[in-house]
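Look for chain A in each of the two complexes below; its partner is chain B in the first and chain C in the second.
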Partner chain A sequence: MSGIFEYNGGSIVGMKGKNCIAVACDRRFGQQMSTITTNYQKVFKIQDNILLALSGLNTDIHTFYALMEKEINLYNLKENRKMKPTTFANLVASALYERRFGPFFVTPIVAGLENGKPILATYDSIGCKSDLDDFQVGGTGGNYIYGACEAFFKPDMSPEELEEVIGQSLVSGCDRDALSGWGGVVYVLTEQKITVKILKTKQT
Partner chain B sequence: MDSIFGLQGSDFVIVACDGSIAHSILKIKETEDKILKLDDHKIFGISGEGADRNSFGELVHKNHCLIRYKTGGYMNLKETAHFVRSMYAQAIRSRDGPHQCNGLLGGVDQDGTPSLYWLDYLGSLQKITRGAQGYANYFLLGLLDNQYKPNLTKEEGIEIIKKCIKELQTRFLIAQNKFIVKIVTKQGIETFTI
Partner chain C sequence: MQYFENYLQSKGGYDYTNVKRNEIMKAQGFKEMGFTKTGTTIVGVIFDGGVVMAADTRATAGSIVADKNCEKLHTLAPNIWAAGAGTAADLHHQCAHFNAKLKLQRLNLNRQSRVNEVITKLTTKLFPYRGHIGVALIIGGIDCNGPQLASVSPHGNYVYHPFQSMGSGSLAALGILEAKYQDGLTKQQAIELAIEAIEAGIFHDMGSGSNVDVVAITKDGVDYKRNIRSYNAKSHQKQIPYVFPINNTPALRKYQFDIEKQELSEIGQEMEIVE
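== the complex of A and B ==
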């Protein structure tokens, strides 16, 4: 086993725009060299203005997402209000640190819109939050996507431009990574709606 | 060494397994049924060592009965799949360690919708239309991808399974002569041996 984070494969990327934010993921689910399915959902809607993207070990993606869904539902019931994206970002960090000595093998990206301002945070598997950059990556193809992001990104993009740029970064990155790919999905979150677009990458 | 494979059609799900139990170079049995019946419309094909397969199978079956009893009698496929996944996921960080078996859970809901789920020992879960566990992955995924089309009829599904069996018998090093095939439709479960 080359590494528990590389067992199932997958890549995610998040990018800020002007009053909008986008998150993209590939669609592969595999077992080391073998591909099991090509329609694996890695981005989850936590709330109308919060998206959670997860890459890493499949079982922990399911478990961690279920845990976060439970937390936000309990919060809604107890406090009778929606959770702010910055609050959720902190919640993810503390939920990860709770398992400091037996961590979830996931790298999450939280993307949200708070009063029109985009919020983007990423973490290592034990909850170190990093929310200062304008784009974040995660997963096995992360390093390849970084390069493409640096080249294509510019600040304050419109939703259409952002969708194009994040799509191109994801596709370029995933085409080079053996463990990611088999298609991509881009989610763009604006004040009014969430748009979903499916992209074609190299089918290997 | 077990082969478990299956596919989902327009209104049915097929799960097939090889029937052999072997210890080192000795073949103990050729007609072992590795596909567990969870209820009249759900089957769970499990691959792994005999003891793990049997014990996890029983655990799933009994807990499934318990939940149905507690919550009013019926669990659909999606709920069952997530429930079995949670049993796997909860075990991986427990004292006794993961359940050392993988599975394919298939069935037909009360409204006639078929589903097939791929589960592994860590608690990975994916809804699939065709798939396999174990060494069968290497031999059959290409064949299943090639032969599968949406809205298969039951007869076409059985033909594809027969081709898969022939492929394993031709190319797989371990001789697996008998296969047990179970088909779930809205009417119930049919079993036959090939």
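== the complex of A and C ==
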């Protein structure tokens, strides 16, 4: 048997731009070498300015998303205001660290826009938050996407260019990973709108 | 309903609800993924009138560099800093927890935090967890008892010594420290020594790399120099950078969610899929 993180497969990537931020994910849901569906959702809208991308064991993706959804709904009800992306990023880290000795097998990426500034954070499965200035990857194809991102990334890209670069990085990386692929979805978040683009890849 | 009641009763701290499921999965043969470690070089040096601490900035996940410029020097109190090696999540969260705990204590007692308080609190927390909380820290600070430097191991052992190094690059750094440390260094000499020790770790240890961060703590305050030395600049620039034409990546469908109007609409034409 392979590792727990390789059971379902899947890859995610997040990239910062100029006053915009993008996340992309593949669409495969598999059980080891079989593919069950090719339209599995891995990026979730937590709030109008926060997206949560999850990779890892799909059951934990589902559970962790439900947990975060509950947290933000309770927050909205208690505080009667929206949650800031940096607050949500810390919330995810704490929620993961709370289960330090019985972790969720997910590696999340949080993408948000706070006062026009892009916020991008990634975590290992127990809540070590790292917020870098350029891009983050997660999932089985993550290491391959790293290579593509290092080559294609430029700082301060416009939303249209960012959409192209992140899409190409995701597709190039997933082409080298057997457990990811079967399509890709790119989400670009700006102050005015969220654009969702379903990519045409080799097997769709 | 039962779940909600259980949730309300949770008193904080660690949540063990997933442990049984994870044990069963491990018994079935699944291998867990490694956590981000900070395979690190960290050093501390006492000088005449204060403490200098330095660290590299690489965080690894297995053999991949997860973070090229992470911060390993954490504040525990305005006069006490910690440099951490070990499991990155544990370091980050434990340091944040102790920072808050010490702040609360200062508000209650209206007194400056002391280094030996920090050591006692840390070791009494770590020991019961039998080393499972993977934090190896160098604690340095200046208080009413003068400058102090101690190292704490994950099992809860602590050692006071005028110079310390920890992490995977500690042996390389210790070589420099043992050779060049003297009592009664000046602040500048101590900073130079610490940087040299970290450099040894960066170049000789695969788990350490990128840049050097330094913090110098004296009675007058804290001098934090992030990335005082950088060895990891890209050695080449792309001659002709990649420029992707806009709308070049073929899309099956494209949607747009307008935030102000809160409406979802489809934009562009749906592409035909050729069978």
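Rule of thumb we're sticking to: the second predicted complex is superposed on the first by the 202 of 204 C-alpha atoms of A that agree within 3 Å, B and C clash if a C-alpha of one lies under 4 Å from a C-alpha of the other, contacts with A are read in each partner's own complex, and residues count from 1 in each chain.
Just so we're on the same page, contacts are C-beta pairs under 8 Å (C-beta built on N, C-alpha and C of every residue); 3 or more make two chains touch, one makes a residue touch a chain.
Owing to the predicted nature of the structure, the values given are computational and were not obtained by experimental measurement.
Applying the stated contact rule after C-alpha superposition, one finds that A:58 touches chain B and leaves chain C untouched.
Of the two partner chains placed around the shared chain by superposition, chain B is the only one that A:8 touches, whereas chain C remains out of contact. In the superposition on chain A, A:16 makes contact with neither chain B nor chain C. Taking chain B and chain C in turn and counting the residues of chain A each one touches, the greater count comes from C. Of the two partner chains placed by the overlay, only chain B lies in contact with A:29; chain C stays clear of it. When both complexes are overlaid on chain A, the residue A:146 reaches chain C alone and has no touch with chain B.
Of the two partner chains, neither chain B nor chain C is touched by A:42.
Contact with chain C, but none with chain B, is seen for A:103 once the two complexes are overlaid on the shared chain.
Residue overlap on chain A between the chain B contacts of one complex and the chain C contacts of the other covers 102.
Every residue of chain A that touches chain B in the complex is listed here, in rising order: 8, 29, 31, 34, 36-37, 40, 57-59, 62-63, 102. Those residues of chain A that touch chain C in the complex are listed here as 1-5, 7, 48-49, 93-94, 96-105, 123-130, 132, 143, 146, 151-152, 154, 160-161, 163-165, 167-168, 171, 183, 191-200, 204. Residues of chain C touching chain A in their complex: 14-22, 25, 28-33, 35-36, 59, 61, 64, 66-70, 87-90, 92-93, 132-133, 238, 241-242, 244-260, 267, 271, 273. Chain B contributes residues 85, 88-89, 92-93, 118, 120, 122-126, 128, 131, 137-138, 141 to its touches with chain A in the complex.
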